């Protein structure tokens, strides 16, 4: 699902960053002829994401490595569970280890956190969305991991979706004026989403023909009213200060989407370790 | 301190990732002629890091932007504090906003977390070290932010420092054998660090001539003994499961360095917002 | 409107392709010190597009060139009209000339042809659309020139619009099945367009919830019926074998859009010449 | 004949331009497991050029695709003729289709047009030449297609051939002065071509030692006289406003070469279609 | 004369190779605020080449550096002579020093050695040629330095000149057969050079219509005979084992060109030093 | 030992430099179908270095080439010895030949010269070091060849070793002040080397805690005294004007390292030839 040439380029550049002109420790400590096997374990409960990226790092460094995955993206693995076995040249495995884990631990971390949000709102109609608050250069793996965790991807960037935010409205002069202008200038294949901050703006957005409405930092009370006002005409997205503690209440207001920046800007890495047997 | 061409390349590629073939919302909503001013505020207490990177994003997108920073890297800013004012073409400011914040919020997040660790061990002789557990491709900004937060940088990558880890020892066959081999193969300008997991290995490392010793996941009790055994001959680095809750106890064992992976692999972004006036 | 770094990269690479290790004729014929002025004329009636790209080629090669444009993108210039004056180092002007004209002549060619289509359907509600049948690597300038000529841009690539074509339907098994599948997998910010080849499929597409319908190679008679069937519920796009000769009849069927591949895959270059005075 | 790394880079970049972060339609419409076969047909009479480039696009996207070509470059295929069969993953075939056709339709278009010019002057000694009026970045495929169509390639760029044009002569001050200067500065391995616009300049060029002479926009009458004056001492190239309608008359003046910019700057794409069976 | 974007890219990549993630000595030793002046001296007699490249390294690293050159390319400077003064930030000067000198010392070395060859054959009609035996990636600076030293450039690469070598003749089957084949396939703007190893082959080459003949490792006696046989019809190039000791004798055989691989494959660097005052 | 992606990139870029848009001689002289075998011989006594790089050039150009090496890096081969046999497409072999030899002749040249220095000081405890005086962009192959020749690599660049030179001391104000500053700012994993120019500075360096001392252009007499003063506390490196003629005397002073810039800045290429059978 991630474009291969993009992931290839990311791995190549991460390896260049870490290995540089050579892994001097491994080169000095080993003869280069050692072969063996490493096992990769989850050290906490995780939702697996990026096992292919993880494998690819070893293979880009050394085509002769044998990689045997013991899980698939989206699967939950308990603490202590075996994720993969890697065998072949030990020098190659040691050199690739850190870069491979840096990718994998972040991707599993994102999927695991996303799954927690998704589980939290089970039974409601709401879906968890990601945002553009991703690591610079790593958006494709961040968004992929959100999807694997059960989340829904919002637009990828500024070029493939229209989202009129408060700053646009401030700069352009009012919701209806901005929406009218935008309609005339964007491709006919795109929907238009508008950010609003109160119920009056919700009504203005509807009248102005918004296809989607983002409720920014509104109280649950007001969001319930917004749901009633909109009455199914367009989908609603809740946004702002969403946490695991408050997400269910938000979902229960009846909104269609809840976007969570923390999924990608403040996510703890999953704890995963690789051990030479 | 970060090499300019590296940061320039990172920003360029983050802008390409986000803006792609164009910011369709801004292009459609604005005429292109609007000018104005935006203010950037801290929405929580932060240690500033990366103000230059933040500014550079706007300037790379549009050379005519005026950027006026109200803080310097390393400075603490309270919730609500003004970080910068940006004036000029509003379209440019809106298009650059998210990428600029993605860099800045991460860097401040790292510096802020590092500072908490550093403050926690004040009065001991220990220093907080970073690791290679950084975001793929973003190591230079991650390590810079650690330094700004008061931390000390460990080696940059596999090419500029020697660290013999448990997996190397497993693959090569014992500490003393590995150290002897390594000595003969590395540049004479580098010190050799060895990871050990108990007191017996500490003694073996000393005898084998290690320049630095990393104590991996040892109890505070054992680390105190290690300090006594080593008796100032070589510096000691504590590593493994370090948290804000336990870091002071670790520092009080008398070790010289404490390395903390979480500084860069599990750091929450600082909350910062940009508002058009 | 074209992203600056993209156009910069295209020009740089076109210059490298043409100039390679050096313009041996100019270097040998001139001393390098000659300065003077060149005038650029339209040698047929044209709609100007890409005057900024044209200028940029000279400036990327030699910052000291003075470029004075005598027209703006979108303006019609008669045969013999003066388009620009360029003064400065004559060697630089001669070396950049061909690459600059190659870009400019294509862009004006596209805008000029687009304008002819647009003029042809004046008074109808239809809009002229471009396609993805652009020169490999030059899509941004091709689509920009269509817009300048008065055309409307369709999606930019496979990533920012959904268009279910006959081959997708063949591979996935029927219109309604395909549409249902697609709805569940795409971002909620995008509309879904479906290609149909007869009136029965038009009805199936409507029922299945298509947001846009492309009528592929249908007769004008059938397109009129499709317009009646759809009755304004979704926009219709006519496609296939559109020429200047038949475009007005197609527009008069009442469709909303007419897409024309020839605008970018079979366009004659505008005739433009540069003369040293 | 085209350098592999150049064509590889062109295809890669065309795919990135079109596919971007992913073909959302194909990914959503198909499961990813569908396999099948597509046939590629000529929809008008064409001279085939670029079948290897066409195949390479599919293979670069997906190594497992089977491509079976039914023609070779240079062969004429009648309207309706089968050009190739492609089998394997249908998703891959659909994603690669447009980029593959964009290359192939242009290359066949150029070869087909070139062949028409070549056929038109059959029996004369003249050869059809291309120019530097090619698509920016695509010169290697444009020139290759001209050769396949039976044309002869002129110099590739400014670095591998000397052509003193009217603007050089204007800037340097006269034909003989320019030729003398040039002789002293260019590699001894290159011939020198001079552009002239009347018979007097033809004589001046001969006396000044030109190796080749380009007759710019001269009447057929004058070109005949030039042929007589030159009398086989150096080859002559006719240039300017050459069309299919007038090319035979030009060839019959006895010139050695006729250069035709339209072969690459104003060529209609060949009509080719790909259908999933 | 060297294409700016090529030299810029070479310098950029040399700086990245040397400076990497930062000049740790300079950063640690200085505060970053020190300013001052450095002088650059010749420590042996040299022919200057590459002063612009030398300057550019400092400016690419730090735009604020003031560089004042005291010589021009082609000028001879005696041991002890001042070549340049550089003032500004001392940290920048120290960081750029080695890369700048690596380019400059090589270029001066080549020009100095070339000048010795040129001086050695003064009064004869022969010219000193370079070869393709240059440092991988540095051909443009190597060939430029040869020219500055008074040498003449042979073709730049395999794409801009035709040189049929013994291995081609062996593979294709004889001189006349090879020449006939080649004539039919190369652009009409290029001359054809043939390598021969005895007088019989000289005659065969003439008859077959070679434009230039390379005499490979022939005795001076035989080269004199070759000059007589050819009698001015085509230029002759002597090649193989040319040294400063034997070059004059070779020139006196009457050949037109003498190519010297050692100019670029075995050249000693000029001794140049930079001192902070 | 050289990072594969670096060497791959160097070869790719050297091939692009030399072959450009195509090897016109080989393409014209051969049909493309010729197959055969070439032998590669040493034409002087050499120490082999870079046989893998040499092979890689042929394989990057044409995967189907069979390459059979008859020697390993580090082996001495006498004049006339067979180094390798290459069989397959003759066109590919001829096109790759020059680039392959340019790399191989330089690398063997460096290894051969290094071996001479190493042999010269046999029996002493000193080791021969390289410097940063390498060809821009080719440091990895230069340093690799030194190692193969029996030399020892100094730091790779400015980022992985600390060397305080005279210019740093001049800029920062004295040895002890500089050393104190540096200690506080560099990673704890690196040793600190200081350049000194007399015995007084040797003592100052020792007192200031230098880990390594470079003796710059000191007499053998003084170097002996320095050895006595230092008395094994830190290693000493002799530097400046080292030649094959004086290197043994220097080694006999008792220094630990002798650095030789000429190994990489003034090395003659080894004479190697490739002949089609």
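Letters A, B, C, D, E and F mark the chains in the order given here, with residues in each chain numbered from 1 onward.
In this section, a contact is a pair of C-beta atoms (placed from the backbone, for glycine too) under 8 Å apart; a residue touches a chain by one contact, two chains touch by 3 or more.
Since the model is a prediction, treat every value here as computed from it, not as a measurement.
Enquirer: By mean C-alpha coordinates, which chain is most distant from chain D?
Expert: Chain B.
Enquirer: From chain A, which chain is the farthest off, judged by mean CA positions?
Expert: Taking each chain's C-alpha mean as its centre, the farthest from chain A is E.
Enquirer: Could you work out the angle of the rotation that brings the CA atoms of chain D onto the matching CA atoms of chain E, rounded to the nearest 5 degrees?
Expert: Chain D sits rotated relative to chain E by 180 degrees.
Enquirer: Return the distance between the CA-based centres of chain B and chain F, expressed in whole Å.
Expert: One centre to the other, that is 35 Å.
Enquirer: Hey, how far is the Cα centre of chain D from the one of chain F, in Å?
Expert: Whole-Å distance between the two chain centres: 46.
Enquirer: Using mean CA coordinates as chain centres, what's the chain C-chain F distance in Å?
Expert: For chain C versus chain F, the centre distance works out to 53 Å.
Enquirer: Could you grab the centroid distance between chain A and chain B? Build each centroid from C-alpha atoms only and quote it in angstrom.
Expert: Centre-to-centre distance between chain A and chain B: 22 Å.
Enquirer: Which residues of chain C are in contact with two or more other chains?
Expert: 19-22, 27, 156, 159-163, 187, 190
Enquirer: Where on chain C is chain E touching in the complex?
Expert: Against chain E, chain C makes touches at 12, 15-16, 19-22, 27.
Enquirer: Contact residues on chain F for chain E in the complex?
Expert: Residues 10-11, 13-14, 17-30, 34, 36, 38, 90-91, 94-95, 97-99, 101-103, 105-106, 109, 132-139, 156-165, 167-168, 170-172, 178, 181-182, 184-187, 190, 261-262, 265-269, 274-276.
Enquirer: If we count contacts the way the header does, which residues on chain A are in touch with chain C in the complex?
Expert: 152-156, 159-163, 187-191, 193, 212, 235, 257
Enquirer: Within their complex, state which residues of chain A touch chain D.
Expert: 1-3, 5-6, 140, 156
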